[in-house]
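There are two complexes below, and they share chain A, which is joined by chain B in the first and by chain C in the second.
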Partner chain A sequence: MKSPQDVRLRDLSQRESEPLFDITRAQLRPLPDAFTAASAGREWKPLSESTACECGLDNTCALNLPKPSTWQEEDELVQRFIQGVEKLFTSENNWGFLQPLVLTMEHCTGCQTCSDSCHIFEASGRAEPYRPTFRSEILRRVYFKHVKKGGLVSRLQHGDIELNWPMIARLAELAYRCNLCRRCAQSCPIGADNALVAHELRKVFSQEMGIAPKELHERGSMLQLKVGSSTGMSPRVVRENIEFIDEDISEKTGVEVHTPWDVEGADVLLVHNAGEILAWPENPGAFALILNAAGIKWTMSSELLGYDSINYGLWYDDAQFARVALRHAEVARKLGVKRIVIGECGHAHKALGVIADRLLMGDLNIPRESSLTLLRDIVLSGCLKLDPSRNDFPVTLHDPCNLVRLMGIVQPQRDILNRIAPGFREMTPHGVNNYCCGGGSGFAIMTPNNFEDWRAQVSGRKKLEQIVNAFSDCLDDGNPKFVCAPCSNCKGQIRDLFVYHDVWKKNRIFYGGIAELIGNAMTDVKPGFIDWEWH
Partner chain B sequence: MSVFEIQDRKYEVDEDGFLQSPEIWDRHVACDFATTEGITEVSESHWKIVQYIRDYWLQNDIAPMVRKMCKETGFKLSEIYELFPSGPAKGACKVAGLPKPTGCV
Partner chain C sequence: MTLLLFLAIYASAACFLSGCILRVRQYATLPAHLRWELYPVPHEARERVAHGGSYFEESEWWTKPRRFHLAGELRVMAEEIFLFKSLWQNNRNLWWRSFSFHFGMYSVLAALALSFTGLLPMVARGVGLCGLTMIAFGGLALLLRRATSSESHDYTHIADYIHLAAIAAISATVFMGCHAANAPSVRTFAHALFTGNTKLVVPRTLSAGVLMAAALLAYVPYSHMAHFIAKYFTFHEVRWDDARMEPGSSLEAKMRTNLARKPTWYALHLGADGKKSWAEIASTNPTSPEVRS
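What follows is the complex of A and B.
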């Protein structure tokens, strides 16, 4: 086994099935001194499937990819990979992403500015394979050799590659060591996008070879298309659950809350990430409370897919993405709503708000708005009676990558917090320069093997450091503090990160969305909307 | 596919240790899976929660909302965490023989 800093590209072709390198605690970037991590003594679970599955990269495993049993099977997989890469570079097969992909392949100068912007590379103690350009360099060599059919001169110029099955199996795992946060792309002087490369590789694996994490495909987008939601909630169950939330919130706030269903011609079709309904019901509850109080003509939809904004295809498969996005738009068209408002979910914003713009034509191209701008307009309009002193605790703000870096929704959430949270303090860095929570691109719901250890120790490490530093003046004072994370995926990751590192019990740092903070400041409701009960 | 072995019994489980064939579940299976959650003795309180989750799942093909479970069983969430240290989704659902909850939960 090599030191993570010494792994080179050619090592990925090695036939030994043992991991190439091991991320050990000693190499990880240290956490702030003020924060003595309870997790320091926590054992990283050993790889459980290493004999039956391809676990040849590092000491974790996201895909549980079965090992091919024959040489013939291996050769077929290699051929399918090459064919898939060839398709990536044709406009009829990849019109959405071809241009930035070719730019990244042909114009990266190798300056490594991007490496210093990557939280995973930094947290791992600069493990070479996690460098943003490492996986791009593999694809680049495949591109020049197999797509551009370069000869000897090309190989001398661009480097050669031994593209065997062990290389491809390791590359499949490596495509799932990037959060697709695109902080590297933002830092690139010429606009090369190494996160896009990880995304395009995931597409080849899923679309051409049927390789994708179970949580995203089989139990994710496939389940959503079948029963209506990746959570498994059918239309009947979602209505029952929302009815329960309405009753619960009415009881808690003293204000009668009622969620309207399937209202034709409504101004707003509100679509939550359905995970909110099950895991953080106070968020949809707060939305209902706020929209009703503001007099918005809104509705939810009980059509299949109409009540779950998630679109996991965004992370790994264009075809699955398109199937889900079309259904979302059709639900809105059928109801004849004026616009779709996307709840607190970052990837749903990117999916329906940005990428679907290349897909939805004519009357399917229904206006879409972020819930953050709608909430900002409501809060600043003065139509709600708000008492900031009800939020008399320190609050910091996480910037979900898809909302902030990608879409530029930077100020609305700050306008809200400046109005309702006197203890608001920024984390460093923030806005478009903020770091990913570490759960981006589906990681927050992926748990195979010991992937949770990797997520809590490596990809989430930078976020933990930022949060701890934001509360360095009150870390151990015993009073509750709040990380506002207006995104389901980020909330799931922050919850897991806090449990792993014992942050709630030890430092009293809680987390939640932005609608809950607004609900907590509303003077027409009973105090204590945020009840500080860990969940 | 992994196998969870206890005494002379073997269960096929997914990579997170959830029972692969929920239909074979019964009280004995629940007791075997409770050991994986560090539960030494399955009390009446454990059963009350497990039975609620199991019945809800049989009717709705999905685990119940945690908040609904608290309200309908009368347990506070903190008490559920005391009974099932890995929590309602990862702990109690596993003992109740449900598949692992899916989606952004």
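What follows is the complex of A and C.
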């Protein structure tokens, strides 16, 4: 097994089934002092699937790819991959991303400026395969050799590559060692986008080879298209759950809360990430409380998919993406609402707000708006009675990549916090230069094998460091502190990070959405909307 | 000899121009893509550019007119083109090498332009020679970085070394050629080139330098050195492309064309048989029994 820093491109084709390298904690970027000791006690779960599945990259495994049983099967998989890459560069199959992809393929100079922008590369102690250009360089060589059919001159210009199944299997895993946060693209002086390459590789594996993480495909987009939500909630179940949340919030706040369903012609169709309803019910509860108090004519939908804004296709499959986006728009059209307001979910914002923008035409082009702008307008309008002193504890803000760097929604959440949270302080860096939480692009919901160890130790490491540094003046004072993360997937990742590193117990750092902070500041309701109970 | 030199320059210019046109055409004719912008977008309204905000920060943004802040975009372009700001911010070790290399090229181009006018000949000569020095220095510095940095090893190809070495060598040769006895001025050389005066005597060193430069120039559009073309597209057509879908717009027409395209992806859940369009595939549900069968 090689040192992570010494792995080279050609090593990916090695036939040994054991992982190429081992990400051990000794090589990881050191955590702040307060966490070094606690994290050192955590052992990674052993990779038990490595004998039956292709887990030959590092000491984790996201896909559980079965090993081919014959040479013939292996050869067919290699050919299938090459055909998939060829399709990736045709207008018929990939018009949606062809131009940015071709530009990235043909003009990355390999200057490595992007490497220092990548939180995964940095946190791993600069493990070479996690370098943003590593997987791109492989695809680039495949592109020039098999798509452009380059000869000797091309090999001198772009290098050569010998594809075999072990390399492709490792490349499939490597496509899931990138959060698609596109911080690398932001720093590229040419404008190349190596995160896009990870995205496009995922598409080849899913759309051509039927390979995708179960959490994103079978238990994600397929389940959503089948029953209405990737949580498995049917329309009946979601209504029951929201009814329960309404009762709970009414009791907690002393204000009668009622969520309207399927109101035709409503001003706002509010679509939450359905994970909120199950994991953080106080968030949809706070929304109901706020929208009712502000007098907004709003509704939720009990149509299939109408109550779950998630769209995992954004991360791995264009067809699945388009199917879900189309249904979201159809639900809104059927209800005749004036606008769709997307709850606190970053990737849902990006999916329906930005990527789907050029797919939705005619009467499906229903305006989509962020809940953050709506909440900002409500808070600043003065229609709610708010007492910032109820939020008189240190608060920092996590910027979800999809909302901020990839969509430009930066200020509304800050306008809200500046109004209601006197202890608000920024992370460093923040805004469009933020770091991903480490759960982006589906990682927050992916748990195969020991992937959670990898998430907590590698992809989430930089965010943990940022959070700890934001509270460095009060880290050990025993008083509660709050990380505001207006995104469901980010919250899931931050929750897992905090559990893994024992953050709540040791440092009293809690997390939640922005609606909860608004609810907590409302003077018309009983104090204590945020109950500081870990769940 | 002079005739050969002039023919090489003409051929090189033809190759370069046609190569550039082909490159532009290649990228410009690719299908209109889905939005993939990255913030900050510098043509956003002034009050939002500083923090990287977008029009999505406005409530009911679709009811408000788009404001295109051209001056903001031009400022960012100028900083990037002339000062290499993103490298300055993100890779200082590369910046001084790249800045010297590229700014040297700008200086040579400026000197050539000034020489054609006949104004300030000494200034033009000084700027030109300074530019050649910067190119040679920057080229060697870039070459050294690629040759010695372990992080460049897997990502540098033989052609990358050749490109940089050739450019440094050409700059040095032209520099020496300019100092050769009887070296014509740029203005005299250009006049002879355009009038076909092959009686002009060009010193051998300068001829060699110009010949090599002509050969390289002809090759540039067919290598990733054409990133000066790509950069227009990566920034204006991708990173800063925040154009929203407007009913009846040309963008909508392009998207209708795209949605009528017929993919052939192999995985079963797509149901892409080469007959169904993207629009039809998006309208199907892969979990319904008829699609699965």
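Following the convention adopted for this analysis, the second predicted complex is superposed on the first by the 531 of 535 C-alpha atoms of A that agree within 3 Å, B and C clash if a C-alpha of one lies under 4 Å from a C-alpha of the other, contacts with A are read in each partner's own complex, and residues count from 1 in each chain.
In this section, a residue touches a chain if its C-beta (ideal position, glycine included) is under 8 Å from a C-beta of that chain, and two chains touch if they have at least 3 such contacts.
Note that the structure is predicted; figures quoted are calculated from it, not measured.
On the superposed chain A, the two partners chain B and chain C both fit, without a clash. Look at A:L359: by the touch rule set out above, it reaches chain C but stays clear of chain B.
In the superposed model, A:V331 lies in contact with neither chain B nor chain C.
Legend: residue contacts after superposition of the two complexes on their common chain; A:V271 is shown touching neither chain B nor chain C. When both complexes are overlaid on chain A, the residue A:L63 reaches neither chain B nor chain C. Considering which of chain B and chain C touches more of chain A, the answer is C. By the touch criterion defined above, A:N241 lies against chain B but remains apart from chain C after alignment on the C-alpha atoms of chain A. Taking the Cα centre of chain A as vertex, the centres of chain B and chain C in the superposed model span 160°, given to the nearest 10. Of the two partner chains placed by the overlay, only chain B lies in contact with A:H535; chain C stays clear of it.
Within the superposed three-chain model, A:G232 lies in touch with chain B and out of touch with chain C [touch as defined at top].
After superposing the two complexes on chain A, the closest approach between C-alpha atoms of chain B and chain C comes to 17 Å. Comparing the two complexes, no residue of chain A contacts chain B in one case and chain C in the other. Listed in rising order, the residues of chain B touching chain A in the complex are 2, 15-16, 60-63, 65-68, 71, 76-78, 81, 100-105.
Residues 8-9, 80, 83-84, 87, 91-93, 95-100, 102-104, 106-113, 115-117, 128, 131, 133-134, 137, 156-159, 182, 185-193, 196, 206-210, 217, 222, 225-226, 319-320, 322-323, 325-326, 339, 353-355, 357-362, 365, 367, 369-370, 373-374, 376-377, 404-412, 431-432 of chain A are the ones touching chain C in the complex. On chain C, the positions that touch chain A within their shared complex are 26-27, 30-41, 44, 48, 51-62, 80, 84, 86-87, 89-91, 94, 98, 149, 151-160, 162, 223-224, 226-227, 230-231, 233-235, 237-239, 242, 244-245, 247, 251-252, 255-256, 258-259, 261-270, 272, 278, 281-287. For chain A in complex with chain B, the residues that touch the partner chain are 48-49, 64, 215, 219-220, 223-224, 227, 229-234, 237, 241, 244-245, 248, 273-279, 281, 308, 310, 345, 444-445, 447-449, 488-489, 492, 533-535.
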